[in-house]
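Please go over the structures that come below.
In the two complexes below, subunit A is the common chain; its partner is subunit B in one and subunit C in the other.
On to the complex of A and B.
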């Protein structure tokens, strides 16, 4: 009888990712909460700002602050089920590389953020956005959402990995994530501003470069440090 | 049996005396030797405290990250203590840099806080991030896990600092007084001597305080170990939850 071979990183990642997405499909919690949060936040902004329509820097601020806060909900839930139901222990007992957990969790969070990001952008354009972006501006905005969500997913997974072992999990997630996301939010709001302005504008490459640098650095950091977070 | 000689207190008196001498000399040079700046007048003197505080703060955060990497590689708790102390003291120096920066802003631009000033804004963001270091440590009970997670945080935050400076600088117009160019020759000679003395003085102050904190923590751990070895079983207080590293005595 031959000994069972340990799963490869790819098959372990695929298994965890499948588990995460199946869990959300069977009992939708995180995605619906994030989407509802965004819609509610836009309504609150309408009354708090006293405006029917926003544009330019204000529009970029409203959209990205809402998405960043919605992301906190997703980050906060990222490891909760695994911790409470023993999934984390099960994974650690399996002879699978730890990086598989990082990649699967970050991909799950990225998928959630992308769905919520595109949903929020559409809802925002209907409810609050004054100018109507043209096709190329929508494409630029979509590129920004992808790059920003990638950064949020990487930082978020790292933070969720740290916060899950703490007593004050929700508090630690929020106070750690928000300062870490500031450079990303600076870049993405500045880049979005001309796209949401009357008359329109184009995407500034330096902000894209900064977003790319942010994603790269935190990707490498998450890869290098994640093993230390799931040692026991 | 714990050693009676404190590991971290050996060179403390020497550092303390050197700090007192250099810092006094730096203050003397700043106020009596360096000329009054033509544009800003006497209020520019705060530069001799504010800039060294800011430089030492950033250095402390970087060293906190380096010690954290050493801890992650070796598992030696002394590196964790060094990382903790460097970040703890840098946070206090950071408050000093923010307050002196704010005072300078009031004197130079008439406002306590200026959002157009990228260095000060970056410092505020870095301060907010490092403020979470103590709550993070405090919320993890197991000392080994606390040290490991704090080290991961210290490395992430150490890498975040330059990225944050780039982002904030790109987003703001540059109005901060450029007192030092890359070659360091934009400062007149008299001012430069006072400025460099202040940097050395504040650095020595930082090292002395760090050594003092480590020495105090080590002495307290020794005292607790001695109490235990004297047979105080049952009477000693239960170990309390703490953000500070647990020191293992050999």
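On to the complex of A and C.
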């Protein structure tokens, strides 16, 4: 009677990813909220610090604290559509590999973070940043955004997977995500500092390596744990 | 009754939520192609039983198997053979009916999905509104879409939680060829309709506070006995 064969991980991932992006395209809430948050935060920093321009360590701190807090909004929204009308159950009832949900959710979050990250970097350079980075520094900053956003997407999806099983899901996201992101934030802030300093500087490779290692460790952790988190 | 091969077997099945035993030692055997109708007041454990059989919940104690697969260890083996209809549609409000069904068809690896989706939408009278976003649907339309989703991959076992709720008489007729007795599938149905449920049952299970207070062939059960469960 059954005319079905379990889908491959790739096919299931594509199905979930397409669904996620379609939902955001139809009701663009997450991206809009994250982008607005970043723009508002930069304006607040502008007045709170009482400066027209920032540079160096302060600039790196302002940029990455803002992006990390904006990421929390995205992480918190990760499974909202799945909770309404039981979409997560719909996935769990299917014979699709659970890894597909992890990969699709993390990829969706990564796409959102990249869009917001590059948008925020441009807004930040216009509103607050003192020195004007050259092309090579912009390229280095772009690399940092990609590596940091990958780590945030992996940790965020893992945390969102834990949070969806709890009643205090909104609290869990912030309580768990920020401490786990501390090593990543230290590394990316330290790595960004010379790129945002007057006179310029080059990327410190050891911080880049630390970011890569962080991504690898949390990628493996997420792969190992995600099945247990989303299933009963 | 199509055959007497066991499709569903529960032995001492317990499911706990914290300290509370939502299912308390359920024993039953249901043959392939047979229909089990589960009665009981709200909170008796009907939905929990369906969720355990669907693999969404694990048994806390005891055993449960479906089509020969142990649900505790081999749930992944039977997921493609289960059609589950719960209280929620499991569909996304910002997707259209067709998009929702295409999504579920991909997750189930359904063959010839496009034709199957069109046939189901036509059957349930949703074809004309299949490209509308689901959030605008009435409860009855959502229930019909949920039924399409549940049977999309042509499952061998149907787990149906009050399948005809929110449906008008015409809609009930429309969905009958998909979830009714004539489809020949093994069915486990949670119901609050003593006469209607009894009419389509081969086996009747009455639950109260998670325990089975009635388990008998439908021919030996009266509507009064079922009514007693609710008093």
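To be clear about the criterion, the second predicted complex is superposed on the first by the 228 of 232 C-alpha atoms of A that agree within 3 Å, B and C clash if a C-alpha of one lies under 4 Å from a C-alpha of the other, contacts with A are read in each partner's own complex, and residues count from 1 in each chain.
What we mean here is this: a contact is a pair of C-beta atoms (placed from the backbone, for glycine too) under 8 Å apart; a residue touches a chain by one contact, two chains touch by 3 or more.
The structure presented is a predicted model; accordingly, all values stated were derived computationally and were not measured.
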First (subunit B), second (subunit C), both or neither touched by A:190: first
Contacts of A:93 with subunit B and subunit C, given as first, second, both or neither: second
Touched partner set for A:179, first subunit B, second subunit C, both or neither: first
Which of subunit B and subunit C A:139 touches, first, second, both or neither: neither
Touching partner for A:122 - first (subunit B), second (subunit C), both, neither: neither
Partner chain(s) touched by A:217 [first = subunit B, second = subunit C, both, neither]: first
Which superposed partner A:198 touches (first subunit B, second subunit C, both, neither): neither
First, second, both or neither for A:36, with subunit B first and subunit C second: neither
Subunit C-contacting residues of subunit A that also contact subunit B: 232
Touching residues (chain side subunit C, partner subunit A) in the complex: 54-58, 76, 79-82, 84, 86, 88-95, 99, 103-104, 106-112, 116, 133, 149, 153-156, 185
Interface residues, subunit B side, partner subunit A - complex: 72, 125, 128-129, 131-132, 135-136, 139-141, 145, 148-149, 151-153, 155-156, 159-160, 163-164, 166-168, 170-171
Residue ranges of subunit A touching subunit B (in the complex, touch as defined): 158, 162, 165-168, 171-172, 175-176, 178-180, 182-184, 186-187, 190, 206-207, 210, 213-214, 217, 221, 225, 228-229, 231-232
Touch list for subunit A against partner subunit C, complex: 1-7, 11-12, 14-16, 18-19, 22-23, 26-27, 81, 84-87, 89-96, 232
